[in-house]
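Order of writing sets the chain letters: A, B, C, D, E and F. Residues in each chain are counted from 1.
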Amino acid sequence: MMEMILSIGIGVFAASGVWLILRPRTYQVIIGLSLISYAVNLFIFSMGRVRIDAPPILQPDVPGDPAALADPIPQALVLTAIVIGFAMTALFLVVLLAARGRTGTDHVDGREPE
Amino acid sequence: MTALKRVLPYPLLFLALLAMWLLLMQSLSPGQILLGTIVAFGGCWLMVALDPPPTGLRRPVAAMRLAGRVFVDVFRSNVAVGSIILGSDERRTHAGFMSLRLDLTNRYGLAILAIVMTCTPGTQWVHYDPASRVLMLHVLDLVDEKQWARIIKQRYESLLMEIFE
Amino acid sequence: MSDGTLLLVALVLPFLGSLLAGFLPTHARNAAAVLAGSVSLVGVAIIVWLYAAVADDGPVRLWLAWLPMLGLDFTLRLDGLAWLFAILIFGIGALVVLYARYYMSPEDPVPRFFSFLLAFMGSMVGVVVSGNMVQLVFFWELTSLFSFLLIGYWHHTTAARDGARMALIVTASGGLCLLVGVLLLGRIVGSYDVDQILASGDLLRDSSLYVPALVLILLGAFTKSAQFPFHFWLPHAMAAPTPVSAYLHSATMVKAGIFLLMRLWPVMAGTDAWFYIVVPAGLITLLLGAFAAIFQQDLKGLLAYSTISHLGLITLLLGLGSPLAAVAAIFHTLNHAIFKASLFMAAGIIDHETGTRDLRKLSGLYRYMPFTATLAMVAAAAMAGVPLLNGFISKEMFFAEAVADHTGSLLDDSLPYWATLAGVFSVTYSLRFILGVFFGPPPVGLPHRPHEPAHWMRFPIELLVLICLLIGIVPGLTVGPVLATAVQGLLNATAPYYSLALWHGFTLPLLMSFIALAGGVVLYAALRRYLDSGIEGPPVLRELKGQRIFEKVLVTLSWQWARAAEAALGTRRLQPQMRIVVGLAVVAALAPFLAGGAVGTGTLPGTPVAPAFALLWAVGIACALSAAYQAKYHRFAALVLVGGSGLVTVITFIWLSAPDLAVTQLLVEIVTTVLLLLGLRWLPKRIENVYPNRPPLKVLIRRYADFTIACSLGGLMAFLSYCLMTRPLPESVSRFFVERAYSEGGGRNIVNVILVDFRGFDTMGEIVVLCLAALTVFALLRRFRPAPESIESPEQQRIQNAYDEAAPDRRPGDTATDDMLIPRLIMHWLFPVIAVLAVYLFMRGHDLPGGGFAAGITLSIAFVVQYMASGTRWVEDHLRVLPLRWMGLGLLTSAATGVGSWWFGYPFLTSHFQYVELPFIGKMPTASALLFDLGVFLLVVGATVLILIALAHQSLRSSRAAQAAEGGE
Amino acid sequence: MSEAPDLPLWAALLVSFFIVVGALVTLIGSIGLWRLPDFYARLHAPSLGATLGTGSILIGSMICFSVLQSRPLVHEVLIALFVTITTPVTLMLLARASVYRDRIEGNPGPPEQDPEPTEL
Amino acid sequence: MTMPAVEHLAILPILLPLAVGAFMLLFDERRRLFKMSLSLATVLALLAVAITLFVMVNTPSDERWSTMFVYPLGNWPPPFGIVLVVDRLAALMLLLTAVLGSATLLFAMARWHNAGPRFYTLFLLLLMGLNGAFLTGDLFNLFVFFEILLAASYGLVLHGSGTARVRAGLHYIPINLIASSLFLIGVSLIYGVTGTLNMADLSRVVPTLAPQSRVLMEAGAAVLGIAFLVKAGMWPLSFWLPTTYAAACAPVAAMFAIMTKVGIYVIMRLFLLCFGDEAGASEDFGGLWLYYGGMATIAFGGIGVLASQSMQRLGGYAVLVSSGTLLAAIGTGNSAVISGALYYLATSTLAISAYFLLVELIERGQAAGADVLAVTLEIFGDPEEDIADEDEEVGVAIPATIAVLGGAFVACTALLAGLPPLSGFIAKFAMLSAVMNEAGDIDAAHWAFVALVVASGLATLIAMTRNGIRTLWMPAENEIPRVRAIEAIPIGALLFLCATMTVMGGPTMRYMESTAQILYWPSEYAREVLGTKPAGAAPAGQPATGGAP
Amino acid sequence: MSAMILGWSITAAQVLLAFAMAFAALRFIRGPRAQDRIIGLDTFYVNAMLMLLTLGIRSGTTLYFEAALIIGLLGFVGTVALAKFLMRGEVIE
């Protein structure tokens, strides 16, 4: 079942991401955030259920039939989420670079643990 | 000619972009042609800012011949490399580097040559030194360096020089 | 003006005066004093004027709506009890002002002093005239606040700071308890109004909440009135200027607690709980204070402990619960205020004129200041309870009440002995005060040569001592009516019979008085040697310093324990915080399942598996897991692996009918890769594994915990998404969009129509986020300071440049140029191609996958490709990109499109589209949404380019910095 | 597996052939990526997918859509063109970078100096 | 029939800062005066708009229900399109934001605006995000506005750069990114179960859900709740907060006083809308968590206040105390408590904001390293010796600046500790009296709430006295801080507002009461929102049959 | 009949391509050198593009074309950046 595969995929992405955001190095965190954002995007997407060959794009001169098309709302939400996720990745990257520059370490606390 | 250049700096590029637009739009309607013209025109002017070296495309026929040769070679070398990949371990041990001096100096010609080298599996452009005009290659099946040098120089370089110089 | 209004004036006037005084210039000493004096005198006048009304017609009231819904209205209520306190507050206030005018040094910023004093006076009046208990608490806390400022007036000394802080903390905490107590009162009675509360005695005493309310209210009263065990703050409040002590610790601040006990006496007293809490507290305070007072070496310290002792006495009297005891309490309150104020002032004069208050240094002052000495002696005698002085009468009443039977308990029966003992002590410390200061050999080593003070400085004492005498000799004539009114106010009923006569015959109390007098003299004689030895504090209790204990407890509780608790309950590290956030999210999401029952998978038939899809996800999962594994030591690998996961996501979007998502995700993927790579250069070299063999157990446990958390969130998300995917879609708002995307939104790509029309507002917000991120990146990078070891150019470049330098015919950078020769050419020519693709994506977005965002990212990739091919300098010589302008224009375009609909009378962002007939082209749909999308496009280009380029510029800056450093050497 | 579009049999066969061949060639290339012994040898492998694999599948796609929509649909040419133009950029840089790295680290593989030009 | 022009006011709190912020991007950073005056004009305009809206929701008109109006963006009818909803609560929050915005912007103009590029745009966009979050009636749009205000806050936290700020950002940002991910998970789950994103519609759907769907919806709401609670600062999700607030520059920290309130606001709104009395089986879902979590937060905040060495950090913990109090108050589910809590919300926001501004002025004159608290002195210092040393008991004439700062500090202390005479006292009294006057016995939980509120006030008092004495009363070798009028005026204005709230306690509290009552009436809210019809005939190109199917 | 043939062959092609992707992924998971990973990713991109094309053929719409086109034209950007980083230690100089 496609649903099962997709949900397992979401789970693994999320788990890997969470594992990484719990690590001590800033780079691990940003990679983790990327993975989590994949997982979350797919999760949102999955709320529209699994639809194959039904992109929410209307054929010319055919009235829209909700049953024949994938749910467009989750897709629209994911699009927004992707953009915001990108913005945040960029921002966090620069913050971690700044922190690395100023504190001399790439530890998430801005100082090496004793 | 210069007047045309002033309005339309890169006519070939213009045509290419227009073609690209029409292909993308999958349409030949007048509206799309008009729109494509505008877009392609804009694209050309963008290119002006980058100020690339002048092209010297001279012989379209030679270009067609080159394309034909490459097409055939691509096919052939795909088979060759495929058989090496799937063949015995021993067949995969003949790889090696080689160099050859090129007579071609036109950058566009070199670029095409690079594309050709890459497209034909089995040869890989590694480095070209414009000062000494030496091209270093990596060849997957380097049994006879001379033969590879011959193929490159005779099958491609000569045609490219015809086209660009 | 009605009586109520007059009362309001009396209350407001001090605050106004305070405000005014606050604005006087720093050394306007006379103006401030005149102001304060006038305010006090007007207060006295108003209160005196109101006496007739109070005595004849009962309480004077004023009611103003404040917070009626909470039962808190601004209510003033002046009954006999309040009247007595009010006259004390204003009267003694006036005298203190006069005294302070002379006491305070010209260098002191006196207006501030008077400002605080007036504000305190107002608060104190507020406490006594409040007709609403919450309002009383309101003013109660104000007295704490202003007394803090007064005690801390000389805040350049440690003693003043500590004393003020301690007083504030103790009394304000008491005030908080009082607030809760009053809230309980309100709950029981159903009102905070004093009249209603006074009318609900039985209801109150029968309530199950009576004891908690009582305890809380008593906490308030005891802290304020310095009852044991909260008495310790008072001696340290002596760090205040003497006028403050004379005011706060005779008539006002400490009497607020007494006032409260009296105010609630009719409804709360008389129970066992009351007796067994109040009486012991009063008794211990009485004895302890008196005993400690004997051994003080500081004149004001002695008076402070004596104050504590007298407050204990009053409390004890109130605790007894009999009306007569209450009469005695109120009378003693009055008397104590009078003689204690004069004594403080006298002590202040001594301090002022001699420069010290130390009893070890003071001696024989009588010959230098006989007049002051006489006054002080009279006042001290009143304190000691010598006949013909006011203290005597109230003390007699106290003794009588001590003898009388109240509960018949052991405590009750033993009271006469304790009372007598306290009398003995009070005689002793009074003697000590008189004999130690005014008699004996002439003083040696005083800072100043003593002399009589200015007459007007002495005047307040003269007046007060005169009152002591008058009350002491003719009590019935002088204080009788006032006392009667006050008693009526206190008891809230007709007063019992009591006599103010001096002579009641040979009674037990008289005997006790004589025993006290004689015993006091004997005790003083016996202690002479010990006292002269100069040891500070009483023999046994010397080591028991309230302040030290308080500070120690306070520091332990409020600092050390707080620090420890903060560290134990919180963390400043990121990892635990992340663990908690994720862990709690899992718990929160699972909680409904525990409560609401298990939820099975849905009924929707599953979609048949495509083997390639399964295989694809196997790859995706492997990528994610390896990324998680590699990110620490192989950053580059992790980046590539995340790219792999991203691509699997992209294919999934396509597979499951979401081409728009795929396009966008793909483009973002590319830009993100470049972005992270740009950052990678500034990260430190990864040192190798610190635990080459097996990590320590602690680390292992942490890793297992993290693993568990990670798996649980992953499992949760998998479970939830599976649950949802196997359930049929609910009837959703999507139908509306699907049906109208084309007819009303003018686009066939429903997702894009949602983005730019139905939910265009989201998109506007989303681009604002992108804009903000770019601005932040820009701002941060302007101040970017790379770590020292990453300033120099990367190893590859150094080697290649070194090679170029070594070769005679090459210049540094040639190698790079050679290597990039052909890629650069190709990448240049791709520039217009990618730009055309961007235009295409933009134009088709409304009908097919694409749109402003995708187009914007595409165009910015076109720029980035040029930067990669030719380097920052070259590109910026050839292309002028002003990303901030693009961003501004983009946002403005989107916003303006939205505003455009106002013109037609529609809400913001109402879209408008129609088919336009264009020459050659034919019918073209033109939607305002396209303009909106143009804004999105412009912003995305600007923001993305800004982010990437700002990062890229750091290399330039740091290479410049490195060159500068080299040049400098 | 029946969701595929309904084409005339000849077209279906043709399309099937092209895409299966293309996929197969691509797979062989990718296997090469795995099987070939060193990095420089592996450099040759992706070209299979990028040229013959891509070309074949694109031809399949062109046939399919041209038949489906009854008009020549050749926009896939663009993909072929773009892939052809862009692939060398990556591979050239990669090969060069690898040579540098190997030389710096003294790995066997690339010669210490560029080999002498082969003269014909 | 077109839309009445006055209704466009609803969008202005979002549009105005956006447009001006964007406009300023077109100009170079060197045009400071221009940007300064433009921004000031904008925040003042926002204030005017907020006041107008505030008055409007309080002025019943014949046509509409008296207390709210709905702005359908894009003229799409709810629940399909996004709507802005101006009701009493939203108007109150808008007003607070505008007040804080004006005060802190004025303050920032003295010096902080120079500390980094594009301050004004960041600041205005923060206001946009806040206003949007308060106005929107759509769950996903709320996410977007959350992101706007967070993104702006990231920029503003880092404004001025410096190690401390960067370090704080290094925690603040990822934690909030995770919270945002949770937000998305929650929202999408709710959408997946209910098929709607409109909050009013949601309140209509929730009671009708089948049992299993209800559980799934609640799971979504719970995850969403965690996201909000991170922002609201509930223990143990709030450790980032004091560090962040302490690191941010003063005007930013002062503006942040309302950031936690956004979380509170949303929780209040959604909790009462979806899990209120009319929510059927889901009634009061999560109430206990809020209650106990809130109390834990008060306790932790109080501890932190005591344990803080720096004044800014203390302010951060005061924020936690305030959040905890509000959360617990919401958790009681009692409308009287909520109205007190709303009053408290306004008071504590103003007070904390004033405090952060003030602290910067006070500490401006501090010598470096003066931050280390002289607690040891308290234990080991010998007062007797000190008297001997300082025998000349003459006060030091403190310059007027210190006096004014000191006065303001006392006012802030009173406000934060809940002491008279300012509105902090009334706020606490209102909540406590509501809790204690609930029907039935006062149970242990309520006693705990009362005790915690009182104890936290005491803790604040102790800590602030300690800090105040250290900075304002210790013999100063510090320079007297140079304070400009535009720095003092905002503080004065904020404190003056608190004083006004005390004196005008009756009307203010009445407003809060009616606000709370409306919150307890979700069906009316839903009716009003969902009953909104698009304006007039559809524009050209749209068929005239607009409206819900 | 023809749909079935096409269906099966598309499925077969997809499986082949998925295996191709798996091999490419194996290379970038295993390395051993950074350049191996990049080349793996580059191949992965091309394979993904082909996969998208087969999906397009199966659905009979050209809606998925844009995504494939973008990989074709822009897919190299990421790998070029990686390669340049390897070569020069910096993506943009």
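We adopt the following convention: a residue touches a chain if its C-beta (ideal position, glycine included) is under 8 Å from a C-beta of that chain, and two chains touch if they have at least 3 such contacts.
Remember, it's a predicted structure, so these values are computed and weren't measured experimentally.
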Just tell me the minimum hop count from subunit A to subunit B, counting one hop per pair of touching chains.
2
Which chains does subunit B share as contact partners with subunit E?
C
Outermost chain relative to subunit F, judged by CA means, is C
One chain's C-alpha mean falls closest to the whole-protein C-alpha mean, and that chain is E
Roughly how many whole angstrom separate the Cα centroids of subunit B and subunit F?
22
How many Å are there between the centre of subunit A and the centre of subunit E, using C-alpha atoms for each centre?
29
The distance between the C-alpha centres of subunit D and subunit F, rounded to whole Å, is 10
Subunit A and subunit C, separation of their C-alpha mean positions in angstrom:
40
Touching at least two other chains at once: which residues of subunit F meet that condition?
11, 14, 17, 19, 21-22, 34, 38, 40, 58-59, 62-63, 69, 73, 75, 80, 84, 86-87
Touching two or more other chains in subunit D are residues 3, 29, 31, 43, 45, 50, 73, 75, 78, 82, 85-89, 91-93, 96, 100
For subunit A, what residues touch not just one other chain but two or more?
21, 26, 43, 46-48, 52-53, 55, 57, 73, 80, 84, 87-88, 91, 95-96, 98, 102, 108-109
Those chain pairs that satisfy the touch definition:
A-C, A-E, A-F, B-C, B-D, C-D, C-E, C-F, D-F
Per the touch rule above, subunit F residues touching subunit D in the complex are 1-14, 16-17, 19-24, 26-27, 33-36, 38-40, 42-43, 46-47, 49-50, 53-54, 56-60, 62, 65, 68-69, 72-73, 75-76, 79-80, 83-84, 86-87
Residues of subunit E that touch subunit A when the two form their complex:
140, 144, 147, 151, 154, 158, 161-163, 166-167, 169-171, 173-174, 177-178, 180-181, 184-185, 187-189, 191-192, 197
Would you pull the subunit D residues touching subunit B in the complex into a rising list?
25, 28-29, 31-32, 35-38, 40-41, 43-45, 47-48, 50-52, 73-75, 77-78, 84-85, 87-88, 91-92, 95-96, 99, 110-111, 114-120
Subunit B to subunit C touching residues, read off their complex:
13, 16-17, 20-21, 24-25, 29-32, 34-35, 39-40, 42-44, 46-47, 49-53, 107-108, 110-111, 114, 125, 127-131
Can you list the subunit F residues touching subunit A in their complex?
58-59, 61, 63
